[in-house]
Structures are given as C-alpha cells and as structure tokens.
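There are two complexes below, and they share subunit A, which is joined by subunit B in the first and by subunit C in the second.
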Partner chain A sequence: MRLEIDYSRCTGLGICEAEAPDLFEIQEDGSLSLLVERPTADSRAAAQAAVAGCPTEAIRIVED
Partner chain B sequence: MSIDIFEDEDEVTFLAATNVDKPEHSAVDISTKAFWAKPSEEREQIFKVLRETDPVSWQRPVEDAVTPDPDDPGYWALTKHADIAQVSRDHETFISGQGVLFDMLPPIFLEMSQSFLAMDPPRHDKLRALVSAAFTPKQIKRIEDKVLVAAKETVDAIAAKGSVEFVSECAEVLPVRMFCELFGVPDHLRAQTAAAAADVVAWADPEILGERSADEVQVEACSILHEIAEEMIEARRANPTDDLFTSLMNAEVDGQRLDDFEIGAFFILMAVAGTDTTKHTTSLTVKAMTEFPEQRAWLMEDFEGRIGPAIDEFIRFASPVMTFRRTAVKETELGGRKILPGDKVVMFYPSANQDADVFEAPETFDLSRQVNPHMGFGGGGIHFCLGNQLAKSMLRAMFRELLTRIPDFAAGEPELLGTNFMRGVKRMPVTFTPETS
Partner chain C sequence: MVRRLVVVGASLAGLRAVEAARRAGFDGEVVLVGDEAHLPYDRPPLSKAYLADETPSEPWFRTADHLRDELGVTLMLGTPASGLDAERQVLRVGDAEVRYDALVIATGATARRWPGTEELGGVHPLRTLDDARSVRAALDAGARTVVVGAGFIGSEVAAGARKRGLDVTIVEALDVPLSRSVGTEIGEACTQLHREQGTDLRCGVTVTGFEERDGAVTAVRLSDGSTVAADLVVVGIGVIPNTGWLAGSGVRLHERDGGIVCDESLWTGVPGVYAAGDVMHWPNPLFDGEVMRLEHWTTAAEQGACAARNAIEPGRDEALSTVPYFWSDWYDHRIQFVGIPRADEVRVVSAEQDDDRFLALYRRGDRLVGVLSVDRPTQIMKYRRLIVNRASWTEALEFAGVSTQQAVTR
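Then we have the complex of A and B:
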C-alpha cells in the first residue's frame, strides 16, 4: 500500500492529520507533509479514514 | 471603499439565469415562507418526497426575498446527498462568485459580509490560506486548554442555578469567547460583536426584525462589525498583538495588503461562521439528548471512548446551516436534469443528512452510528468548513462539562429562529439538579 497526494487539490485543512497523525502532518506554513509513503497494514484503517475524510479528494491509496 | 481589488482578470462575467429548457415549477414548493416557518421535522417530510420523486426539482424563486429580482426564473433544488457532493466538489462548474445564499440579499450586504465565502479560486484560495494555518489539528490542540477552561467556566456560571435560559447563558458563551480570543476582540466589544453576528444571519426572523426591514437590520449589523474591526485595526497599528487579526493585517495577497474594508468583511465572515453554528448545534443537541435519554446514557457509559463519533451525530442531527447556493457556468447534468450556464442550484443540507441511501435509519439520533458522512460542514470541496475541528473541540469540551456536572439536564420547548439559512434556537429553557460544591 502506497499513499499518493494530489497537492494541487490539497487545501491544508488537516482532516487527514486528525484521522491519521502518524501518516500526515500539516506544516507551520499550511502545507501537507506525507510522513510515511508506504504505511504498514496496521495503519490501513487510519489511512482509509483520511482518504474518506478529505473533502477535496486529495489522497489516494495505491495498491502495488 | 476599494472593492475594485476583487476585479482581476480571473473574474468571470456575470451570467444571468435563463428560462430556457426549464420544466414547470415544482408542485412540491419549498420556496414559500410557510415552508420555512414549519418545524424541521415537517420540512423533512417534504424533503423526503422530493428525494424520492424529484431529487433535482425546479423551484420558483424564494417567496418574500429580501431584495426580489423580477427576472429571476427560479433555481434547482438539490435534496440528495450524492448531488450535493457533486456540486460542492466541482467548483469549476458550480461557482460561488455569483453569490452563495439562498435568499436574495442586497449587494452592499454581500460585499460587507461574505469575503472569501462568495469567491472562487484563485482569490478564494489566497484569502482562505491567510487563516487556514490557524485551524489545523496541531493548532487546535494548542488551544485545547483554552477551550477546556472556557467550557468549564461557562458551566461554572450556570451549574448552581438549576434553571437557565440555555442559549444566552450557555450555548453562545463558549463559541463567542473562543472567537473573541482567537481574533483578539477586546472585552468591551465582545457583547456587541456577538449580538451583531447573530443579527447578520437572522434576516427573516420577524421577532428580531420588529418594525425594521431585513436589509436595514443586516446592513446595520454589518456596519457595527465593520466599526469594531476599524477600532481593532487602529489599536493594532499603535500596538501590534499576537492574534489572528494582526496576522490578517500584516498578510499580503499578490503583493498587496488587505484594505480595511476587506479585513472587516473577513472579520464578519469569521464572526458569523465561528459563533452561530456551534451555538445552535449545542442547543439542538441538548434538546436531542432530552428526547433520546437512552442515547445520553449510552454516551455516558464511556464518554471519552464514544464522544468522537458521537459529535458527528450531534452535527448531522442539528444541521444548523440549511442552505447554500452555487451558479453553474458550464452546461452539465445533475440527477438527470440538464443544467445550463447561469442556472442557480441550491443545496439543502438537512435533506442530505436524512438521505436513506447514505444513512441507516436517518430519522434516529444514534450516537453509535459508524458510517456518518454528514454534510454539516458542507458537501466537501474547497469551501468545506474551515473551523470544523475547532467546532468539534468546543462541542466535546462543552458536553463533557454538561454531562458530568449537570447530567440530568432537560430542555423545554425551544423558540426557533425563522429563517431559511440557519436552523437556530433563539431561546430554550433548560432545568437540572443544581450542582452542589
């Protein structure tokens, strides 16, 4: 499982960080940092919650 | 007033609505004053009919608009969750720059109060970015202690009384205080700020209007808030402070600072969005907990473990913001209907929040609801509620205090705000066993 961010869609709201603080972090300047590009299976539920919660559909889980 | 600053080359030309290719106005009429005067349970019965038989219905213009437009042919009414999500997420087809309110309001009011709410990219994104970094999870966590103290002190002031007018003594106190702290509104201006912010969204409520016309009340409320902003600007020019207001004054957009009028409009948008919504959700949730005592008991069995998802149900069930509008700028299709450039589409969020395609037993206040993609913060997309996490933080702190200190609170009959924008409570008696210290 790999996480992909479409930075052109991200508005820096941080719902992903609220759902999965180990995977996503909004920086002081408002931009999003992906902390873990390839999360382990333990983080799957949190990653899915972040994808579902993002109001601008900026996050994708890619299975590869 | 230099409003010219908004007129850059990215602005689209105003598109007038057309009568072309429209069906008859729907027989299920949700534009009447009578419809909006009904309690929300009765409105929901009518929304349900539309969701099931005519989910994207063509409606006549809203009755008794504040500033009626004789050439207005009507609007498309969106009642399904999926259609509202489609429109909310496609800001290139459905723009906000031609207004976002269901009612037709005086242009001066909109200029004074809407700021980036009624803008499109790129200007929208730049203005919103000026404050969005203050509302991220880490920032909200940083002010959590302040929220907890404010919630505790709010309940301190009522806990021994046993009987209160809940809206003014409790529900509005916490959000107003947090807004004022974040934006640095000085103590002597707080009561006035709260009263004017409430007037801004109360335009069709007969009691609040009294003898005055709706535009009189609104423009007056906006003028008061602009004056407060002016006073705060003056004070900060002499002594800069460490708050959001000073950062707004110092921020540059495209190499230019915001002028005083733009700061004022921004301040009004934040004052209304940051206070009224949470205030009404608090009151409506106290009412819901009175009607569904088993839900309150279930939450109290494990408050910390259950409050997270429960808050989403508070918001779904309250649905305080009832309507926002967009304008189509491209031909497209919605729920099988052909939408033409210039057509207005109005999103009815309480209807989306009762959509049985999305919510199991939507009419039930169910705090254990697992799947809850409610539209209390909007239908997604770039205008999604900026303050959503602060709102949740305040609701969590407030209900922790209420449920642990005066756990048998019981709401009497609420007096509801009579508008088609905000589902609000003006007054509501609440009684409880007084806390003994």
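Then we have the complex of A and C:
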C-alpha cells in the first residue's frame, strides 16, 4: 500500500493528521507532510479514515 | 430486515450516509431525496474560493453517473420532503410516497433571512449554491457590500469582497463579534483581522431598514442613525433546522430551535428513523453526554456515516463520539477550532506582539475542552488529540509550555 497526495487539492485542514498522526503532519506553513509513504498493514484503518475524512479528497491509497 | 434505505437530505451528511451504507456492504435499495435540483455539493467553498476573483470550480461531490452506477442510488432531487408517516413507514415527497425500512433524516437547516427582504433584490443569505452564485455575480459587478452579522460566514464573505478591493461594511449587533461562539477575548482578537484589512466593522449596531430603487437595495439604515450605501447585502444571522415537515410525525423536536433530538447512536426514538447533520441534536459521549447541534463539515460527515450504519443494522447502536472541528478562512488567515467553546476560562498561550498568530485554550472544570488557533496549523490537531484523550488542564498547559505553577496561582 502506498499513499498519494494531490497537493493541488490539499488545503492543509489537518483531518488526516487527526485520523492518522503517524502518517500525516501539517507543517508550520500549513503544507502537508507525508510522514510514511508506504505504511504497513497496521496503519491501514487509520489511512482509510484519513482518505474518507479529507474534505478536499486529496489522499489516495494505491495498492501495490 | 432492512431492504430499503431512504436518506432524505442530499448534502454532505446525506451523501456520506449512502456511501457508508454501501461501504458496509448494504446491497438493498438506496434512495436519496433532496429538495434542491442540484446534485450533492460541498458548502465550505461557497463562502471561500467560490467568491474569489477567478473562475470557480463547481463544488459537486459526485456525478449523477457515479451515484447511480457506482453507488446504486436512486436520486429524487428537486422536491422537499413534506411529511413522515412513521406508522406506515412512508416518507412523503411532493405527491409521491416513498416507503422505507430505514430512514436517515439529513435535511439540514435554512439560513435565516432578514424579515421583509424576501422580495428585495441584492439581499441574500449564503447557504446554497444558488445563493453563492447570486453573491458571486454581485461581487463580479463590483458591488458595494454590506454584511449583516460578523459570524464565520459573514466574515468569510467580507474577506472575499475585500480581496477584490471592494468596499465592505460589517454590521454586528453584539458589542464583540463571535463572543457567543468563541468568547469575548478571542472574538476581539479575530476582529482585528478585519480592521487590518480595511473592512469597516461596526459593532453594537443593528439594521433598522433598507433603501431601495426599482426593487433592488441601494442602502442599509442602521440603529446609530447612519446609512451605508450597498448594492449587495449578505445576511449571516444563523440558521433554522429544516423540520417543519416533521410536524405530527412523532419525531421529537428540540424546544429551542426545532432540531431533531437523537440519542447517542443518532436514533430519533421512532423505529427505523435516524438523523444526521445540522438538523439534529445528540449527546456527545466525549463531552459527558452534552447535547449539541453542530453545523460543522466534519461532524456532518461522521454523523451521516454513523446514522446509516446503525440504520441498516438494527441493534448495532454505535455511539457517535467526536471532537468538533471547524475552520474559517479570513483574508490570508486560517482560524481553526477543535472542541467546544463553552468554558470556565480561556487562556491565550501563544501570542506575540505585532503577530496575528495565536493559540488559545478553553478550560471547563479541570479539563481541556477546546482550542482555537489563528495560523497555527501544525499545532491544532495535536491539541485535538489531547481533547480526545480527555487531557487535564494541567497536561494541556504543560503541552503548551506554560508554567503550571502560574496556572494554579492565577
């Protein structure tokens, strides 16, 4: 599993960080940092919650 | 067994309800009823990017094809629900009767209008896509803009108009804007953001009337005796839950605002009938069961999904426990709030001279219950986690790097 961010859509609202703090973090300037590009299976539920919760639908899970 | 799920209300909560039902494996019939002719659309951009001085992108969530083919949803758009017969499990929509096994009510709320302005050109609420199109067209034409109500929607509209270089006046009845939603001190701080941008903010003043020519507004008269010229008046004075159609249905309505009263699992108390979104009150377990009605994007999404999962699987009774979150974009600033604002104390923990950025903590009893930030995007969700974990006030101050000794003696 790989995470993909569409930075043209992301506005840094931070719901992904709320759902999955180990995977996402909003920086001081409001931009989103992907902390782990290839999360392990343990993080799947959190990653899915981040995808579902994103108001701008900027996150995608790509299956390898 | 639930074979037919009907969702009434085709905005965010309604959309999330049908999506969650399918994700949970529900393979029965799904009907989505909406009063507007539009497909489900996203509201936050309507008072933000949609008003900017560039071609807006349309705020549709999904195409009609996606809803029909991918989600297997039967759409009934353009007619509001007009009644509920709970005995027969029938929803009335215009002349049609729609039978349900499970029903999710997500009919939202209607923006309050200024009495007597229904027919007056140039005076608009900002709630629907059609409202936004009207406001946008007026801004395109260079309207002198008056905003009635310095709440979050009104403030965003003012910011959008100022960004275009238009003259903007905000009229606010309270002495300090937002004092009811975020407290007096913080409301005052937010006010500064308007003044710095040249928005004429008039507090403690009410609208006494409108001047018009040929059916369109030309000026707003105020209680201090002044008159402000206006081509566009945007009224942001709150909403009324859309529950008039439920009269006599047996669904319990809140005595104060007529919103639907639900339990923790978003059940209305009527068999098979759940509710989600701005239309409803529910006791939020994370805040000791405090009953709240929220008008936030994230909560509406969560409630829609939770209500649908419970509706399609009787006995499931998943409680919705959540930290409310909202954001508002003013000029180039972002205001974010997590938690609830009704507090015993509000403490600004990071603010510097000549810097608009700050962060404020809200204490109730010994607990951190809310955090507001202006341009502190990297911090807000870390505080949200503290609220989820029911952090004490002392823990919150420690996290903020504030001396707890000082906190005790204050």
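Criterion: the second predicted complex is superposed on the first by the 64 of 64 C-alpha atoms of A that agree within 3 Å, B and C clash if a C-alpha of one lies under 4 Å from a C-alpha of the other, contacts with A are read in each partner's own complex, and residues count from 1 in each chain.
What we mean here is this: contacts are C-beta pairs under 8 Å (C-beta built on N, C-alpha and C of every residue); 3 or more make two chains touch, one makes a residue touch a chain.
These numbers were taken from a predicted model, which means no experiment stands behind them.
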(request) Applying the touch criterion given at the start, work out whether A:Gly12 contacts subunit B, subunit C, both or neither, answering first, second, both or neither. (result) both
| Between subunit B (first) and subunit C (second), which, if any, makes contact with A:Ala45: first, second, both or neither? | neither
Just subunit B (first), just subunit C (second), both, or neither: which does A:Glu28 touch?
both
| message | Let me test your reading of the model: by the given contact rule, A:Pro55 touches which partner, first (subunit B), second (subunit C), both or neither? | response | both
Intersected contact list for subunit A, partners subunit B and subunit C 12-15, 17-18, 21, 25-26, 28-30, 52, 55
Residue set of subunit A touching subunit B in the complex reads 11-15, 17-18, 21, 25-26, 28-30, 52, 55-57
Contacts from subunit A onto subunit C in the complex sit at residues 12-15, 17-18, 21, 25-30, 52-53, 55
Listed in rising order, the residues of subunit C that touch subunit A in the complex are 42, 44, 297-298, 301, 305, 323, 325, 327, 334, 336, 375, 377-378, 380-382, 384-385
Listed in rising order, the residues of subunit B that touch subunit A in the complex are 89, 125, 128-129, 132-133, 135-138, 373, 377-378, 380-382, 384, 386, 388-389
